[in-house]
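Note that chain A is present in both complexes that follow, paired respectively with chain B and with chain C.
So, the complex of A and B:
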């Protein structure tokens, strides 16, 4: 039972991280209708930039994540402008190939600056608390709480604020939104910036638990795809539900079955879901 | 195509074929370069497979490296742990990847566009995970060593690098010829129609599902052939032969060479491999340059080197023909070029 509770909290913390990373991906898909294969590398860069601010510059943890989020938002906007905007009318295979190019580039950049070795980022939040006999580290609690707060703010931003509403408008009807004066180009930039910032927050939160490496985004990239396919491409609540579901499934499988099975479950989820429903669960009508 | 014996495309094909045939003679015992060429030729066979599914049919399959890996490991494991001869194991590898592709295609091709790419990416990753983790069968990260050379039945000695090179080259020429034949045939036109618009193709009576599935099975078969040969060429194989990175590298090869063209895969593979060797001192940093190159290519030159040369030749010819009787260039190039044009403006 203690083990189960321990794993449950681990799963929730991981779920928070997955949600934050997956929401960015699902927003990008909703607005631009492209699967951004480079999303995992944005997460990876986010982790390294947080590391840079925290360790090399020496600012406090929260500020480091905030600054890194700003830096990554800029990188996200640049990525949209330089790579995806010119390809907006190209066939769908081209976006994915370009994203692969960007992915290779970002990995090489991280490796050139920080080296290929694993790096450890010490968490300023140490210690743990005992809940029902299970040792839960404060870092994990911070992850869950931050994730909930960020998700709340994001929901408010998209549903209530004028800029956020433009995102939803474009997702629903691109032509219609242009007619009422919403610039799809500007919304694309906003979405990419937001997505990169969210991925950074996720990376900054989980970095003290995991190690940093230029390849850390690869597995995550595939997992967030599993999540948004599970939740429906472009769906915000779907990404949240999918994130926690996948994280819990992963943690439980690796505890009770085997580590390799836990690692592979995300891909089994993708294959199973798409084999049964080729457009993903809860898929909304595809805008063409 | 039938009237002119010296069409530029034929000349180009001839030149590439000659260069590949004569390469070992000019190297004069440069073992390393010959090895790079041989490995490059095996990759190029796999890239021809990718050309069928991505270049002609317009479906981005990211499981290609996985199927390559299946070919590699079937030959690798059967010839070492089970002590089979090369040719029967090779046959098994080709059959398994071909049939496996057909069966996987039943499920995979129910999905479309982005979903297909993501689905195949997951499939590729599962193959990689199985190969890199199933220690009792695949030896995981320690890999497989001592893969047998093909048996020459007293006629050839395939442990000789030059002979092995020509064997791989034979398969490569076969792959190129199949691509050429498919492009000329009705099947090729059907595939291009699917690439241009699935809905439109279906509306004119094309069996989209079956054709896509056949194209997918053919592409995985090519990957299997390439993988089987790769195992024999390398002698030692590890899980990286099935990785997603390999798929991405192949994607770059074909993009540089030219999607949907006959010569593209060969030209792209050898050119990029040459660049890899050139940047070898920088190892991991090569993608600092190559990453942006992929992006620039896909934005500004999505048709690749051979695609552009074809378009250029077609333009010259239609100009010449326009001055004459106006009958235009070879219909096959024309049709495929318009197809890409339509696609790019979509």
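So, the complex of A and C:
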């Protein structure tokens, strides 16, 4: 039972991280209808920039994540402007090739600045609490709480604020959006900025638990793609439910079956879901 | 006032419109008639900045619309309620309307007024305001689309076949509302298959055929014109 509670918390913390990373990807898919293959490298850069502010500059942990999120939001907007905006009328394969190019570029930049070796970001939040007999580290509690707060703010932004609503408007009807005066180009920038900032929060939260490396985004990239396919491409609740489902499945399988099975479970879950519900769990009824 | 001169436009370098001249006077209801495929929708899409013209000018209250982006055109006071409605189907009716006021978002007071005005015009939208737009009946969806366009506080409203796919009774309701909107002082440019009803509520009219204006005049002139009577009124 103690082990189970321990794993449950690990799963929730990992789920929070997956959600934050996956939401950006699903929003970009909803707005631009492209799979942003470079998303994992934005997450990786987010981790390094957090590391830079925390270790090199020496600002407090939460401020470091916040500053890194702002820096990455700018990088996300630039990525949209420089790479994807010029391709807006091109076939989708061009986007994918461009995204792969951006991915290699970001990895090379990280390697040039921080080197190819693993780096460790010491957890600034130490200690743990005992809940129902299980030892839960404060870092994991901070991850879960921050993820919940950020997800709440994000949901408020997208559902309630007029700027956030433009994201869903474009997803639901591009022509209708243009005709009410919403500029698709502005919404694309907003979406990329938001996606990169969210990925950075995810990376900054998990960095003290994992190691930093220029390739750290690759495994995450596969998983967040699995999550948004699982949840239904473009669906916000889908990304949230998908993120927690996958994380819990992964943690529980690693503990009770084997670590290798845990790594592979994502793909087992996807194959099962796609076999039963090919459109994902939260398929959008309106597609165009 | 909207003045279209020598307008040519189309898709993939093939023109669908050929040197079209059309005028919609301020505050008037101008009717555009034309068979299927004659280019009504293309003309409207060009006016509102979705399709780029290959030649010609579109002057709206002294501004050249082809120089403006689609959102600046809405801000300038021209609203386009498109064929097929293009509502945000999964959002509640009220959110659709509020997004219609997107370009006026800094003026909250005005947006409130406009919303109340739309609910007065279409009380059914008030009853259904929390329901996803996609679940409304065809007529109610058309009202929501017109309402959403009105939310941008236009001086000219383009309506592309608002009665498409509606039962005769509902069509009459929708066109009554259009006449009411026009009486409230908003100019209307209306494409409509029900030529008779449209010309009855209209001031001026144009007939398009294969992308050219083949006939124009006051609404009553057109109602009496033998070609119009034969082609559209089945007389």
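Everything below uses one rule, namely that the second predicted complex is superposed on the first by the 275 of 288 C-alpha atoms of A that agree within 3 Å, B and C clash if a C-alpha of one lies under 4 Å from a C-alpha of the other, contacts with A are read in each partner's own complex, and residues count from 1 in each chain.
Following the convention adopted for this analysis, a contact is a pair of C-beta atoms (placed from the backbone, for glycine too) under 8 Å apart; a residue touches a chain by one contact, two chains touch by 3 or more.
Here the structure is a predicted model, which is why all the values come from computation and not from measurement.
Look at chain A after the overlay: chain B and chain C fit there side by side.
Shared-chain residue A:132: touches no atom of chain B or chain C.
By the touch criterion defined above, A:3 reaches neither chain B nor chain C. Contacts of A:101 after superposition: chain B is touched, whereas chain C is not reached. By the document's definition of touching, of the two partners only chain C reaches A:176; chain B does not. Look at A:34: by the touch rule set out above, it reaches chain B but stays clear of chain C. Touched residues of chain A were counted for both chain B and chain C, and B has more of them. Of the two partner chains, chain B is the only one that A:89 touches; chain C does not reach it. Contact with chain C, but none with chain B, is seen for A:168 once the two complexes are overlaid on the shared chain. Geometry note, superposition on chain A: angle between chain B and chain C about the Cα centre of chain A is 90 degrees, to the nearest 10.
After overlaying the two complexes on the shared chain, residue contacts for A:268 are found with chain B alone; chain C is out of touch. Of all C-alpha pairs spanning chain B and chain C in the superposed arrangement, the closest lie 8 Å apart. If you check the complex, the residues on chain C that touch chain A are 48-50, 69-71, 73-75, 79-82, 85-91, 95, 98-100, 102-103, 105, 134, 148-149, 151-152. For chain A in complex with chain C, the touching residues are 162, 165-166, 168-169, 172-173, 175-183, 284-286.
Residue ranges of chain B in contact with chain A, taken from their complex: 54, 58, 60, 107, 110-115, 117-119, 121-123, 125-126, 129, 133, 244, 248, 251-252, 255, 284-288, 290-295, 298-299, 302, 343-346.
Here chain A touches chain B in the complex through residues 29, 33-35, 82-83, 86-87, 89-94, 96-98, 100-109, 111-112, 116, 218, 222, 225-226, 229, 233, 260, 263-264, 266-268, 270-271, 274-275, 278-280, going by the rule given at the top.
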